[in-house]
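In the two complexes below, subunit A is the common chain; its partner is subunit B in one and subunit C in the other.
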Partner chain A sequence: MIRTYSSQEHIEQLNIAVKVENVTVEYKGKPNLFNVNMEVPCGVLLAVLGPNNSGKTTLLKTMAGIEKPTAGNVYIYSKPTHAAKNDLAYVPERNMVNWDFPISLFDLVLMGSYNRLRRVEHPKKKDKVIAWEALERVGLEKLAKKSICDLSRGEKHRALIARALVQDARIYVMDDPMVAADEESINIIVEVLQELRAKKKTVIVSHHEFVTIPRYFDMVALLNVKLLGMGKTEDILTEENFEKTYGMSAGMIKNIRLYMDESHDRNK
Partner chain B sequence: MIEISDTFIFNTMLKSASFLGLSSGMLGVILSYQRRSIEINALAAGSFVGILVFYLLAGVGVYISPYIFEQIDKYVFSFIGSIVGALFMIVLLHILYKTDRLHMHIIQSLMTAVMLGVGITLITYIRHTGGSLDSGIDIYLFGEKTSLTSEEFVFLRVIATAIVVILLLYFSRLKIVVFNKDIALTTHFHTSFYYFLVNIMVICLVAFSIKIMGVFLSVSIFLIPAVTARLWSNRLFIIMITAGLIGAVSGALGTTVSGLLGNITLGISITLILAVIFIISLIISPYKGILGKKLYSGGK
Partner chain C sequence: MFSMEFELVLVITLSAVTCSIPGAFLVMRKNYYAADTSTRSAMFGISIALIFSAFLSSPLVIIFGSLTAILGMFLIKKIKGITHFRSKGISIIVSSTLLCLGILIATNFSFNKSSEFDLSIIYLGETAFTYFNRVRIAGVDIGSYAFYSILLVMIINIVIVTVFYKEFKIDGVDKNYAASIQMKEETIDLLLVVMTALSVSVSFQTAGIFMTTAFILGPAAAALFYTKRLSTLAFVSVFISSIACLVGFSIAWPNYVSISGSIVSFIGILFILSVLCAPEEGIIKKYFDYLAEQKKLDEYIILDILNTQSIDNSSSSINEILAVSLNWKVLRVSYIVNKLKAEKKLEDINGKVIITDEGKNIVEHFMKTQNCFH
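Right, the complex of A and B next:
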């Protein structure tokens, strides 16, 4: 079905980077996501929060066009995901990558240029320069020739982000890009995320650290199979919402709150 | 059995085994990173059953229309049978993978066992029925030296060369598809096209490897070169070229050894040569060798 928009609608659509419309994704008859509706504006840093098995990865993969929704649609800049070539770069979860694969770090990062190449074309000098710049941006240029199996956890995260940077997309979807990473890597990744926002790119990240959310992200989406809330970070990160999403005891939420207050004070 | 002095047949088989080794060694690297090495066993078993079923059909055809069926060479039936059998098996395996009930390696082993059971039953039946039908059927068990006709050799040479060219041309794309399917999909690669391409190449090579190596040892010419080459390098392209060379050299040496000894089949001699190269590599290779690591790091 071809959708047409009035001029006012069209202007609104241009400001929406990702639109998720009544999306349900089932796996073995059970819903991983149920009737999710969300609109991600252009140029924001959005954190997707939720407990384990809440459907965060499924949501990100559906946005990236990797998973096909059982029902509903996803639009990238008003186009269906399969038509949004080069608009979106995906950073998979570190554990979902075969790190024993025999390639160098530079080869991995260079993979980001393949969307610009024709079927039997190999990367050119220009692509290699872009890959080198991405490596420099994440501070891994000295390890370029190293095998990917020899990288530390934080370096692996940075390597995957560098590959996505080479794609030069308008939307970046990242699955847990900071989990179990060292402090240096987290700082570099956060800098990269903020640079992307400054360039008006849209970044959607699944994240686990509540403490750092107010510092890093403009918007938060709370997910537990259903979308329980989405909006500005300060509006969404409330005790009530946490309890609704995580089903935790009040004591646990208090501790989290304490953490959040401390981090807020530190920021002041 | 042929004598090594029978130069024409020996040369044909030596080249056939080398071409098979080169292409299957290179393709084996892709399969090993797709975690599909064991699948070769199931495909060879499916191919084996396909050949036997086509033998039986050809036997029935000779009764119905002797003139037509006696004009057709036996190798045409065996080749069509092996392609159909391998194709059937690959479709069946992928249907079973999609059900997500069992791990893919369990499915592969299960289907290998079932197909070998069916194959052995069919071969026993064909032997009992006797006649001209059962002649030459044993070569599919362990391979044979004189098993390829000159037409088959030309066909193998064309297919093996095409596979090497395709692997080199599509190397960059196959690398991403094999490395991470999600990254390949979001780079907007048609991953199903590349899976289809790999499957077609595998089916064609299995049809030849079952004749040269036999149903039980077909997997060795795909798997061992890939594993051995991994011991020598950390770069996919070099691994692929090394695996191709190991396969080609093993094919040539295996044919020579089989010709010299006279009483072992090609499948067995090639597998033994591959095993020797693997063991030597396991000891002396610089990256993962037992002694090699110490030698290259100065004993530290």
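Right, the complex of A and C next:
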């Protein structure tokens, strides 16, 4: 049964970073998302899983205020998305960025400060220091002057994450930040995600690799146009849920379970 | 006020510079069709304006031309939103329709009002004509209408770019990010459309409907071969426009040929020269880079074989053995082997070719840096 809240104050009391309420998003009359309800608690690392065209990107874009829902509401810390531009940093899919645009990596990362600037105002020294620190955090400071078109796939992912770090938001929404990235980039991105969680930031990530989910994420949301399940990783990664979402064989789930158990033992 | 030649050079240069400002952003956003659409669509408005006005520099011409250029681009966006056609295809249909309607109106109504012009002037422009429509204050001639109208549009373009520089930059790189920080994509699109439409409508008197597209796209496209910085690109683009105007005019004026035609030809030549000879991005440089990379790869291939495989490495037969194994010519193998020996990456010991420690280090480092081996 769907829980509804009578007031926005109630959401704050529950410590909810993002609340998605009966959201439907359609494209040419067909729903990409259908009556999705979810509440993302503060300070969690949430993976959004689902097959291709299940609406993962649409959900993240709707949270970021990029897509306008046909029906329903999205609240960011109890505010509507258009009033929360400084609360949420969005990292788009790598191939959604025009990498041929003639700017340097540093300029791209510095763009993260633009939401704090007024019209005609240019980034100040302080903003540049923050951008430089973000570049250092993702290990790209040596490439600062390089044109963005010359970056590798993994470096492009890291650059977009550095830009999000400059935004210094409370919520980070990342669309496939590790897809087709190299090992070094994945390790750095995972470290950044865990640092963000340690700082009590809320991180919502669409993700494809099932095997790494138990290792990286606290919570999982299973999506296939409708939200099919959301909760703690160990509770959600069940055969039943996966079959509902992917129509997938139980064998793969068993492998994931096996991996989860092994990593659990290692942690012990 | 000035000599006719000077004024004409000034007007055509201003015109090219004005067009190159929105052009730089259109090229960077890969929105090439917008320039073509706006020039063709502007014809419709210009023809309507010429029913009421008898001269090409009239504000009515600029306003009507801009409005229909905006209408053309608006129609493309709307049609794209409700169909599955690509922008380029829709652009051809919409802009050609507006162009043909413009031609019909022009030939049937507009030209009856004035004998000053005909269709060829609207198609190809005639810079010399701009000199004859003068602005006079208290009887004092202060220059041509064309000069002031183009100057005004150039100032509008510069103001828009200065005020919305950040927005243009973000929108050009990442529309989703722009939307996520509540930056309105529609506003940026509209501003660019307005800049393009105004530039087209004000420049058609000098460059004509067809050549204005080259004024918009040519300099920016050529500039992209020289810089990968947005601010520098805008300046290089303006510089290329100015040079093309000066050279084009100097060729056209004494020879009594079309000024805009000469300038656009020169822009084309500059573009082709840039494609071929640009220091970093030119085809010639890239070809030599490729050859150098290929030679390096050839060296790594031979070093790796000698490092990891057990082959007959006697000095007398190694070239032939490697040539057969790699399906290369013996000459190519012997050239590389000799080079590697000279660089101390291979050495001859007791009639055997052996890889040195330096050679091993180089090839092992190469293997580590290749993504596919991770």
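The working rule: the second predicted complex is superposed on the first by the 234 of 268 C-alpha atoms of A that agree within 3 Å, B and C clash if a C-alpha of one lies under 4 Å from a C-alpha of the other, contacts with A are read in each partner's own complex, and residues count from 1 in each chain.
Convention: a residue touches a chain if its C-beta (ideal position, glycine included) is under 8 Å from a C-beta of that chain, and two chains touch if they have at least 3 such contacts.
As the structure is a prediction and not an experimental result, all values here were calculated from the model.
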Tell me which partner A:69 touches in the superposition: subunit B (first), subunit C (second), both or neither.
neither
Could you look at A:103 and tell me whether it touches subunit B, subunit C, both or neither (first, second, both, neither)?
both
Just checking: does A:183 make contact with subunit B only, subunit C only, both, or neither of them? Give me first, second, both or neither.
second
So, does A:55 touch the first partner subunit B, the second partner subunit C, both, or neither?
neither
Residue by residue on subunit A, keep only those touching subunit B in one complex and subunit C in the other, then list them.
61, 64-66, 85, 88-90, 92, 96-98, 101-104, 107, 111, 114-115, 117, 119-120, 122, 147, 149, 163, 167
Applying the document's contact rule, which stretches of subunit C touch subunit A when the two form their complex?
28-30, 162-164, 166, 169-170, 172-177, 179-182, 224, 227-230, 232-233, 371, 374
Please output the residues of subunit A touching subunit C within their complex, sorted ascending.
61, 64-66, 82, 85, 88-90, 92, 96-98, 100-104, 107-108, 111, 114-115, 117, 119-120, 122, 147-149, 152, 163, 167, 182-183
Using the touch definition from the top, list the residues of subunit A that touch subunit B in their complex.
28, 61, 64-66, 85-86, 88-90, 92, 96-98, 101-104, 107, 111-112, 114-115, 117, 119-123, 147, 149, 163, 167
Of all residues in subunit B, which touch subunit A in the complex?
33, 100, 169-170, 172-173, 175-176, 178-180, 182-183, 185-189, 230, 233-236, 239
